[in-house]
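The structure that follows is given in the form of structure tokens.
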């Protein structure tokens, strides 16, 4: 049975912070992407190999709520959870913590596409890895 | 009466595109921010001057839906609409087009903060500019 | 005869600035790339079409000198100059101004590669456009 | 005696890669910055604390040579070396490897500034940490 939750340590980079001195809100989707990449790796999968095989996972929906700012050089923990994997779509949620404090939450929907950008069914090998 | 809609031309940069050859989904929030910056300028306001005066507008909620990809060197048009300006929060929506095609939509909520990060009431001068 | 100098207006984005309140030094190479993209367009060429034809121009050397900071919302002018176009390499220099003030200078060397990443001779059609 | 060399593991992020499928050249300066941040930490210093104390280290010169591309999901090793620390300037060099292969090299010069952007002498406490 594959894991459906992954915890990733993130160190906030200087260039990710803005003149307010906090991580810019556009960086969080990048961290979310790192989280689901590592979750898939922990499940025995690999995004790079999927892409090489012509299976693209594109973000079709993104939502984020920012509760408290992350600052330069902070060590954060991102908890990525696979919520649902259907025939063509995958749902993840995210919770970003600094110690006990919850800084942000998020949700993404990925759609499986072929190289020409058309929706396609998730390959069985990936389905198996995603099944909890 | 201030305008509540702004149209911004955007040229997709090479480094904004990913190995799929399309604009990465984390770039759209950056474009949304440019859209509301220019809308505020058209209303007679200026984010830089607000920040210099200690009035920070932080994104507390972001939502985006991606319908079709934007590609390197595409010329896009971002329509930014001020939906609502309350005492401490401002709502914008976004629609990104390439010609007649709608590529993506979005919504953000900004909260007004003071320099220490505490919520504060929008200053009257800004309220006046935002009032349609 | 093609132009060998191009002037590009750049508005500094919020997310391009760091906690010092100035544009992060890693953004300048992005602006340089925009400058040479627009210079090539002014010469009748197009990077996107080159790539579609399997002709890749990769940066093999970058140099930048930062004299004075650029700030959020500044309107800058980037002057891009084609210095030399040989059989496989192209040299550009860059000067970034804010009004009369010189903020930074740069230099890049591009190498012409095929899709497999091997050096190749610049196609004659591109040579013609680059010849001043 | 402080260390003058630091080795940092870097995983190439998806959004750091461009349509050629390789890490964009503007990302390397970001990695170099991470390298010197971690070198300083290994020396007992801390950039965030320096900034909080009004001591800013700004990049005034950057040079990079790109020999072979880094790809999405590659695990790289960045070797950062403190070459020289004078009264107001600090020189670092960088070598980026993937296994035994050297992908890129770089060099930066930092200048010590006060909060108003004027050059200032490196504080004695920092000098001590940098002295090998």
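To keep things simple, chains are lettered A, B, C and D as they appear, and every chain counts its residues starting from 1.
Everything that follows uses one rule, which is that contacts are C-beta pairs under 8 Å (C-beta built on N, C-alpha and C of every residue); 3 or more make two chains touch, one makes a residue touch a chain.
Keep in mind that this is a model prediction, so the values were computed, not measured.
The chains in contact with chain A as well as with chain B are C, D.
Set against one another, A-C and A-D show the most C-beta pairs in contact at A-D.
Centre-to-centre separation of chain C and chain D, using mean CA positions: 23 Å. One inter-chain figure worth recording: chain A and chain D are separated by 27 Å, centre to centre, where each centre is the mean of the chain's CA atoms.
Centres computed as Cα averages put chain A at a distance of 33 Å from chain C. The set of chain C residues touching two or more other chains comprises 14-15, 19, 26, 30, 33, 51, 72. With chains as nodes and touching pairs as edges, the resulting graph is complete, every pair of chains being joined. Of all residues in chain C, only 14-15, 17-19, 21, 24, 26, 72 touch chain A in the complex they form. On the chain B side of its complex with chain C, the touching residues are 13-15, 30, 33-34, 37, 46-48, 51, 71-73.
Touching chain D in their complex are the following residues of chain C: 19-20, 25-27, 29-30, 33, 51, 56, 58-67, 69, 117.
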